[in-house]
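Just below sit the structures, each encoded as C-alpha cells.
Next come two complexes built around chain A: one with chain B, the other with chain C.
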Partner chain A sequence: MHKLLNQKPVVLVMTALLLLGLFLLPILVTSPTLMQIFILVILYAYFTSTWNFVGGFAGVLPLGHSAFVGIGAYTSTVLLQTYGLSPWFGMLAGGLLAALVGVIIGLPTLKLRGAYFALATIAVGEGIRVLVENVKEIGPFKINGPSGISIGLSENSFTALQFDTKAPYYYIILIMLILVLLLTYFMMNSKIGYYLAAGGEEPEAAEALGIKVSRYKVIAMAISCFLTALGGTFYAQLILYFYPKSILGLDMSYEIAFIALIGGRGTILGPILGALLLRPVSELTRIYIGDMLPGLHLVIFGLILIIVMRYYPKGLVEPVTHILNKYVIRRFSKTDDLKTNSAADKAD
Partner chain B sequence: MLGIIEALINGLLMGSIYGLTAVGLTLIFGVMKVINFAHGSILMVGMFAAYWFVILTGWNPYLAIPVVVPFLYLFGYYMQSFIIKPIFEAEKDVREPITVIIVTTGIWYVLDNLALMIFGAEFRVAKTSVTGQIFEFYEMYFLVPKVIGAGITIVCAIYLYWFLKHSKTGKAIRATSLDREAASLMGVKQSKIYNIAFGLGSACCGMAACVLVPFYYVYPTVGVPFDIKAFIIVVLGGLGSIPGAILGGIIIGIIENVGAQFMAATWTELLLYGVFLFVLLVKPSGLFGLKQDF
Partner chain C sequence: MPLLEVTNVTKKFSGLVAVNQVSMTVESGQIVGVIGPNGAGKTTLFNCIAGALPPTSGSIMFNGREVAGKKPYEICKLGITRTFQAVKPFGSKTVLYNTMVGAFAQTKHLHEAEHNALEVLKFLHLDHKKDIVSKSLTLPERKKLELARALATKPKLLLLDEVMAGLRPSEVTDMLPIIRKINEAGVTIVIVEHIMQAIMNLSEKIYVVNFGKKIAEGVPHDVVANEEVIKAYLGDEYVATQH
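Our next item is the complex of A and B:
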C-alpha cells in the first residue's frame, strides 16, 4: 500500500482531484441521459479492466468476453425471479459460474498458440449465445430463449439493486471500477503479475525458468471471468431488459476488446482512456445519426483501431502518459526530481 | 435412408465451398502465422461484387469469375501491402503477431459496416439462369448451382495444391511458411510473398463468392457465419494445411446437413461448436496440422 502512495506529490494531488470530481459529478449533472452515458463509460472501463487480466497480462486475445457478461446477467436474474434472491448474491453466484466456465475453456487452450485461444473464446461465446437462444428453461429457471428476460420493477433499495435515480448506479459502478483497478495494481506488482509478464513475452524462456506459465494464465482467466460476470449482473439491473443478441453477442465481446486495445492493453489507465474515447462516440452516433447511417459508429471504431495499431501499437496510453510526464508532472515537480525523471526516461 | 444420403451429398457439396474459404484462411495463416479475421468480410465483398455483376449485366453468374477473382486477388494484395504490412514489419520478430490479428479485426468491422451503410441490411437474391434449378438423381433432389459450385471449388483446390507444390512462386510460399529466415536467405522476397499469399487467400474467397451468389443470400454480415465456420474448419483440418481445410470443410458440411435431419437447424450450429471444442481438447493440431504450428 505504501508503494501505491509513494508517488510524486503532483500525481497524488491530481488523482485526489480526479476522484473528488468523479464523486461530485452526480450533484452537478442532472440530466439522466448524460448520467446514463457516464455510467456506461465507467461500466465499459470496468469490463475492459477485467478483460485486461487475461487479455493484457496473460498476453492472449480473448474475443468472447460477452459470454461472461451474459452469465453474470442471466444467473442473477433467474435466481431473483425464481427464488427472490437479492442480485448481490446472484452476482456472486454468476461470478463463480463464469470463473468455472473460464477455467474449462482456459485449461486446454491456454497451453496452445494464442490464435487457438482467440478462436476458442469466439466459439465458446457464440456457442453459449446459440444455446441460450434455443433453450426456454433450464430446470426451474426460465430464460425465454431469443426473446430475453425483463426484470420486473421492485421497491427501490440497495438489497434489490434497483433505484429510480441514476446516481446510486453511478456510485456502485464507480466503486466497483476503483476496486478492480486497485486489484489490477496489486496483481501487476505481485508474483503472479511478474510470472504472467514473463510468460506473455517469452513463454518458452519462462517455462525454462520453472514458471508454470499456463497455470498462471488459467488463474488470470478465472479472476477475469469472475469479475466480468459481476459487471454483467450490474448491467442487467441497470437496463432491466436483455436478450441473447444484446448481451451475449460478438459485438459486445469485440467492443470490450477494442476499447482495451485502443486504450492500451496490460496497463491500468488504458481501459479508462479507451472507454472515455469510444463509449461517447458510440452513444452519440447511435443517438444522433444512427437512423440515417446504421453501423457508422462501428466503422469509426474499426478505423480508430487500425490507425492506433499502426502508430501506437501499445495503445493510446503511451502518447498520453508521455505528454503528461513532459508537460504536467515535470513542470509541477521540484527541480531535483527532473534529473531522476530524465534518467528514468532514458532507461525506458 | 434416402433422406440421409441426400443430406450427406448436400453436406459434401456445401462443405467443399466452406472448404475453399477455409483454404484461403489457412494459406494466409501458413505463411504469415496470422489468423485473418477479415476473411469473411472479404468473402462478403466478393459476393457483393458478383451480385452487382449479375444484376447489372444479366449474364450467366459464372461469367463473373474472371472479373471477381482477379479483383479480389488485387484487393487482398493491396490490403496487405498498404494496411497490414507496416504493422507486420514492426512485429516481424514476434512468434505470433497479435497486433496484426487485431488490425484484421478492425478491417472486418470497417468493411462489414461500410457495406451496411452503403447497401442497407436487407437480404438480396440474385435471380440468375441457374437459380432455383433442381437436379434429380434416383429420387434425390439437389440444387444445380450447388453442384456446379462444388465442382468448380474442387477443381480450384486441386489447381491451388498443384500450384503450391510445383510452381516457383508456390515453392517460395511453402518455403516461407516453413522457415522465414531460411527462405529469405535463399533470395525469397518476404514482403512480396506475404502480398501474394494474402491475394491468393482473398481470391479463394472471390471464387467461393461467385459460386455462392446464384443460390445464397447476399447481405452485409454474410461473412460472419462463413468466417466462424472457416475458423472451425482450419482448426479441425490443422492450421496451415490445404488438404486439411478441404477435408475439414466437407466434414463440417456433412455434420451440418445430416445433423439437420435429426434436430432443428439452430441446434446444428451448436453441434459445430461442440465439434470444435472437442478437437481442441483431443487433438489441437487437427487432422493434418504441423507440430510446429501450435
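Our next item is the complex of A and C:
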C-alpha cells in the first residue's frame, strides 16, 4: 500500500482532484442523457480494465469477452425473475459462473498463440450467442431466445439495483471501476503480475525460469471473466432490456478490444483513455446517424485504431503520460520536491 | 553421487535421431563442456535435460531424482536453470524486472525478489543498467542478463547454451571470468560452446558429440588430441598431418 501512496505529490494531488471531480459530477450534470453517456464511458472503461487481466497482461488478444458480459446479465436476471433474488446476489453468481466458463474455455485455448487464440475466442463467443438465441428456456429459467429479456420495474432501492435517477448507477460503476483499477495495480506489482507479463512476452524463457505459464494465464482468465460478469449484471440493471445480439454480440467484444488497443493494453490508464475517446463516438453516431448507417462507429474505431497504431503502437497512454510528465509533473515537482523533503525530515 | 547423471539418452524426431545413446556425468562443483560441430545434437541434448523436449528413451538423474520427461518449470524448481542460445529477454521490461522474474522462483514477496535480483545484478556488474529496457541492451549485455535471470532462480546446476556465441573476442575474454566466478560461488555449470578458446579454458571435462553420438570425453588437453574429434571438426585428411 505504501508504494501506491509513494508517488510524487503532484501526482497524488492530481489524482485526488480527478476523483473529487468524478464524485461531484452528478451534482453538476443534470441531463440524464449526458449522465448515461458518462455511465457508459465508465462501464466500458470497467469492461476494458477487466479484459486487461487477460488481454493486457497475459499477452493474448481475447475477442469474445461479451460472452462474459452476457453471462453476468443473464444469470442475475433469470435469478431475479425466477426466484426474486437480489441482483447483487445474481451478480456474484454470474461472476462465479463466468469464471467457471472462462476456465473451461481457457484451459484448451490459452495454449494457442497470437491470432489462433483470438479466433478461438471469437468462435466461442459467437457460439454462446447462437446457443442463447436458439434456446427459450433452460430448466426453470426463461431466456426467451432472440427476443431477449426485459426486467420489470421495481421499487427504487439499492437491494433491487434499480433507481429513478442516474446518479446512483454512476456512483456504483465508478466505485466498481476504482476497485478494479486498484486490483490491477496490486496485481501488476505482485508475483502473478510479473509471471503473467513474462509468460506473455517469452513463454519459453518464462518456463525455463520456473513459471507454469498456462496456469497463470488460466488464473488471469478466471479473474477477468469473474469481474467482467459483475459489470454485465450492472449493465442489465441499467438498460433493463437486452437480447443476445445486444449483449452477447461481437460488436461489444470488438469495442472492448478497440478501447484497449487504442488506449494502451496492459496499462492502468489505457482503458480509461480509450473509453473516453471511443464511447462518445459510438453513442453520438448511434444517436444521430444510427438509422442510416448502423455500425458506423466500428468503422470510425477502425480508422482511429489505424492512426493510433501507426504513430503510437503502445496506445494513447504513451503520448499522454509523456505530455503529463513533461508539462505537469516535472514543472510542479521542482518546488514540490523541496517541500516533501522537508516534510519527510519532519516525519522522521 | 554425481549431481547430474545422463544415461543412454536418445531423442528421435520422426526417424531422425538427433541424440543417440548419450551418457554423461557431472559432479557437483564442476564446469563441464559439451562441444561438437553444427547440428551435432548439443542443444537437443540440452533441451532434454532442461525439459524443453522429453527424451525418447534414457534416464536423466539430477540430485538422485529422475527428471527425464519433466516440464521446464518443474525442472527449474528442482534446481536446474538454463539460458538460451538465442537470448530471450522480456524485451519491453527493464533489466531489473527481467531479473526479478527469475528471483520470484525463490520468494513470493516483491521486496525480497527485488533485493535478490539487485544482488545478482551487482554480482554480474549489471546493476548500473537496472532501469534500462532490455531490448535496448547490446548483445553482450543481453547475454549477461540471460545469466542474471537464470542465476536469480538460485540454481544448483546452470546449463549455458552458447552464452558466448556472437561475441567479439574481447567480449569473450570479459565473459570467461564471470562464468568462473559463478562457478566459484557454488554453481555447477554445463556449457555448450563453439568457441574452443572459451571452452578449453573453462572446462574440467569435455564431452564431444557428433551426429548425435558421443565420440569422446575427457580433460580438454586429451580431447583435442583425439583422432575422432579432429575428424569431426576438420575432416578425415587432417588426421594424418597431425602425426
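Everything that follows uses one rule, which is that the second predicted complex is superposed on the first by the 329 of 348 C-alpha atoms of A that agree within 3 Å, B and C clash if a C-alpha of one lies under 4 Å from a C-alpha of the other, contacts with A are read in each partner's own complex, and residues count from 1 in each chain.
The definition used in the following text is that a residue touches a chain if its C-beta (ideal position, glycine included) is under 8 Å from a C-beta of that chain, and two chains touch if they have at least 3 such contacts.
Only a predicted model underlies this, so the values are computations on that prediction, with no experimental measurement involved.
In the overlay built on the shared chain, the residue A:Thr15 is in contact with neither chain B nor chain C. In the superposed model, A:Arg310 makes contact with chain B only, not with chain C. By the touch criterion stated above, A:Asn156 is placed in contact with neither chain B nor chain C. Of the two partner chains placed by the overlay, only chain B lies in contact with A:Leu112; chain C stays clear of it.
In the superposed model, A:Ser190 makes contact with chain C only, not with chain B. By the touch criterion stated above, A:Gln7 is placed in contact with neither chain B nor chain C.
Legend: residue contacts after superposition of the two complexes on their common chain; A:Val130 is shown touching chain B, with no touch to chain C. Looking at the superposed arrangement, the partner reaching more residues of chain A, out of chain B and chain C, is B. In the superposition on chain A, the residues of chain A contacted by chain B and by chain C do not overlap at all.
Contact residues on chain C toward chain A in their complex (touch as defined above): 50, 52, 71-73, 76-77, 81-82, 84, 88-93, 97, 100-102, 104-105, 108, 110, 113, 149-150, 153.
Per the touch definition, chain B reaches chain A in the complex via residues 29, 33, 35, 83, 86-87, 90-91, 96, 98-99, 101-103, 105-110, 112-114, 116-117, 121, 220, 224, 228, 231-232, 235, 239, 264, 266-267, 269-270, 273-274, 276-277, 280-281, 284, 293-294. Per the touch definition, chain A reaches chain B in the complex via residues 59, 61, 63, 108-109, 112-116, 118-120, 122-124, 126-127, 130-131, 133-134, 250, 254, 257-258, 261, 293-296, 298-299, 301-303, 305-306, 309-310, 313. The touching residues of chain A, when paired with chain C in their complex, are 189-191, 194-195, 197-198, 201-202, 204-213.
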